[in-house]
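There are two complexes below, and they share chain A, which is joined by chain B in the first and by chain C in the second.
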Partner chain A sequence: MEPMTRMVPQVQEHLDALKERLLVMGGIAEEQVRLVTAALVRRDPELAARVQASDPPLNDLHIEIDQRCVRVLALHQPVAMDLRAVLAAVKINTDLERVGDLAVNIAEAVQRYLLHPPVSTPDHIPLMADLAQQMLRDALDAYVRHEVPLAERVLDTDDQVDALKAQVSVDLVPVMQAVPSTIEPALDLILIARHLERIADHATNVAEDVIFMVSGRDVRHHGAAS
Partner chain B sequence: MGPQHPGRPGGPHAAESAEVGPKIALRALSVSYGDRRALTTVTLPMQAHRVTALIGPSGCGKSTLLRAINRMNDIIPGTRVEGDILLDGESIHAAGTDVVALRRRVGMVFQKSNPFPKSVFENVAYGLRITGVRDRRDIEERVEESLRAAALWEEVRDRLHAPALTLAGGQQQRLCIARALAVQPEVLLMDEPASALDPMATQRIEELIHGLKRTYTIVIVTHNMQQAARVSDTTAFLWMGQLVEYGRTEDVFTAPRERLTEDYVTGRFG
Partner chain C sequence: MEPMTRMVPQVQEHLDALKERLLVMGGIAEEQVRLVTAALVRRDPELAARVQASDPPLNDLHIEIDQRCVRVLALHQPVAMDLRAVLAAVKINTDLERVGDLAVNIAEAVQRYLLHPPVSTPDHIPLMADLAQQMLRDALDAYVRHEVPLAERVLDTDDQVDALKAQVSVDLVPVMQAVPSTIEPALDLILIARHLERIADHATNVAEDVIFMVSGRDVRHHGAAS
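Up next is the complex of A and B:
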């Protein structure tokens, strides 16, 4: 059965604007993660400083998107897919803002780390950073394209990031034991790994919100509620 | 209240068993007016002490469905009904059904309040008198009880003998609800009961519906999506005489199963 007259409700305009602002925010957050990883790999304190200074635009967007969501809820009382889209936007907004904060935290750790000679360690942290960025990108693509399978792939990738984070500690503990002067920079590397793992968790949250928005399914905590 | 079984038909002894069947069960119900089919094989259970909202665009068959439940369509010439409706497991079309008694069990409130040009008191007492209640004290008690149940008593207790038409619109509609309640129905059918009222009066009607479902089974037709979402427990979406989706209201308004429902409740077609 197909309806005879299709209409574009007024709320659609607001939802499109919300999506556009979230994508701008997602782009900035993703770029911050890319830059801060480059700062670590290239030992570039200026790059790290740039990330530290780039938080305000994300914070402004965070507030702006929240205000837009409140306005749509109050004025249009959306239901069904429109309601799910606004709820997803509220949550994705928070997750992206946290990603920005974590990138700043990483930048601070990088600054401290760069005060010491480099600690020799396998490339697990850059690998984690690549995966976390990919997850963010895929989660946002899934959001734009309403693509559940892509969002589900993000959830699967999170396990790899968790495993890598555990591996970073395994790599560094013997290094710290052998050369006590590496303890400070190595602890910063462990902290960076932990922040990257949290970024991947936020990307996972975004993917879960996309699945809820598109299908109405709540897959958080392995779908405990259903 | 035990677990609900939306698809389960109610047998004659359903009320005695632990698993209570629906109060009202539509069974492949079709209604035609002459050559025009208004409703096509609708099967729908409605649970006791629940509010069921019927939504859908104009002409989708929701008012026909509502009127079928107390056989109000019978009075329209050329109406043909196929399938059946069970009330407490009994067919309302069975030979020998007393339609007047059926309408006493299944009361109706209309879109436009339609008090009789009589006093407030007489409007509520009218139904009692025609059903044979004669004792003055009984009538007085029942009138007060009904006005209280319709949340109108406090506003009219001092002017029970004033003309009903001097009441405000929202009060007139609550008076009509009191009139329907006076004959102690089991089911209340409401056809857009608040569509002609201002927001405050609408809110009072909605609060009233919420309270009344403890005692009655309510079926409401509404064009107002938010109202359906606020007042009902289950929602049925009709389109071109067919039942597209039926489910818990919270599901229909957050994650409907059917694309057509999604498009309708979000205003993408109408």
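Up next is the complex of A and C:
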């Protein structure tokens, strides 16, 4: 057996392990988004507290994945698609860790929101949360399966999330103007919508990294169509 | 001359070029923050428009630096500190590009804010902007000079920025409650304070990457003291 043929499966094992860990991390991040939205909808401060308490596992994974990336680069010097896959993992790892942070930020805003009587809210926020979770799932599936069309779908969905976020403020400002006591809780709803939009942005970053990894085509700053 | 002695300077040249490009990018990002804050303070919509128009140079640098990182990893297979320096560059590049995006977001909020009569504002926002610029400058200097104490100073300053951001909302909520016509412009000030806080967070990310690069010590998720 030649040295080269022994080396390739080793890199592949590392890449498979990276994928597996990123999927675990993505699953946790997605679950955090689901739980914190449920805490808001059901007015459940204990559920919000659970999300606030569950950040460390994501942080541990973040450090572990980063170390795996350094190790595979140092030991195996991957090139071409394999190199791009490791660099994508470095970036995806950062994005998923931020999603975890944002879920914690949302949980804090939910806690404050629940101190007040409910503000009549549209369904935009739970819808944003559903879309953001779907985007995270699709972006990671696209990474694992090297599926560019799925990554491109994530980019398209981001526009919907942006529109919903804008609508949340448009709907709430007149409520705040009419009833001053709604100002504080409405501020937290606007903040939650912004955090969800940022989660969708992180899913979009992942999708862009996947497109670059697979095709070598850089869609950042130019949109999916260019 | 041995092959090794020829190879080391080549990697070093690539790393120096990376540093130089990151400094250029950091300088542009910092200037964007300075200009957009001046646009707010002087109520100058044209200056805000200039910031909105000046994003493409940062985006071009972002793509160029990313490609340089891929190239140096593929051609030179750096190890140890050099490898960590390239991976830090990949991450710092992402952070600086986001700072540019945030400056554009602030410019948009400034444009909306200037459509209304001024809300009596504290000096917290310009102070946050000054601190954020200083943090960006220090974090990049720490990267270039491999100076851990300077990076640690950036982490300390982030707490000040967080406190100022919280104070902006605390100060503005009673104003909004007393005068409903201030709600829309005050919302934009709160948003601007949050964007500045995120810029400071990106500087913090850079500082953490520098500490990891130089010392191999991971201060993320544990604070500078651990």
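Simple rule for what comes next: the second predicted complex is superposed on the first by the 213 of 226 C-alpha atoms of A that agree within 3 Å, B and C clash if a C-alpha of one lies under 4 Å from a C-alpha of the other, contacts with A are read in each partner's own complex, and residues count from 1 in each chain.
Throughout what follows, a contact is a pair of C-beta atoms (placed from the backbone, for glycine too) under 8 Å apart; a residue touches a chain by one contact, two chains touch by 3 or more.
Keep in mind that this is a model prediction, so the values were computed, not measured.
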item: Touched partner set for A:V11, first chain B, second chain C, both or neither; value: first
item: Touch count on chain A, higher of chain B and chain C; value: C
item: First (chain B), second (chain C), both or neither touched by A:I183; value: second
item: Chain B versus chain C as contact partner of A:Q77, first or second or both or neither; value: both
item: Set intersection of chain A contacts, chain C complex versus chain B complex; value: 77, 79-80, 83-84
item: Residue ranges of chain C in contact with chain A within the complex; value: 56, 59-60, 62-63, 66, 69-70, 73-74, 77, 79-80, 83-84, 87, 90-91, 94, 169, 173, 176-178, 180-181, 183-184, 187, 190-191, 194, 218, 220-221
item: Residue ranges of chain A in contact with chain B within the complex; value: 1, 3-9, 11, 77-84, 215-216
item: Sites on chain B touched by chain A in the complex; value: 225-226, 229, 239-240, 242, 244, 252-256, 260-270
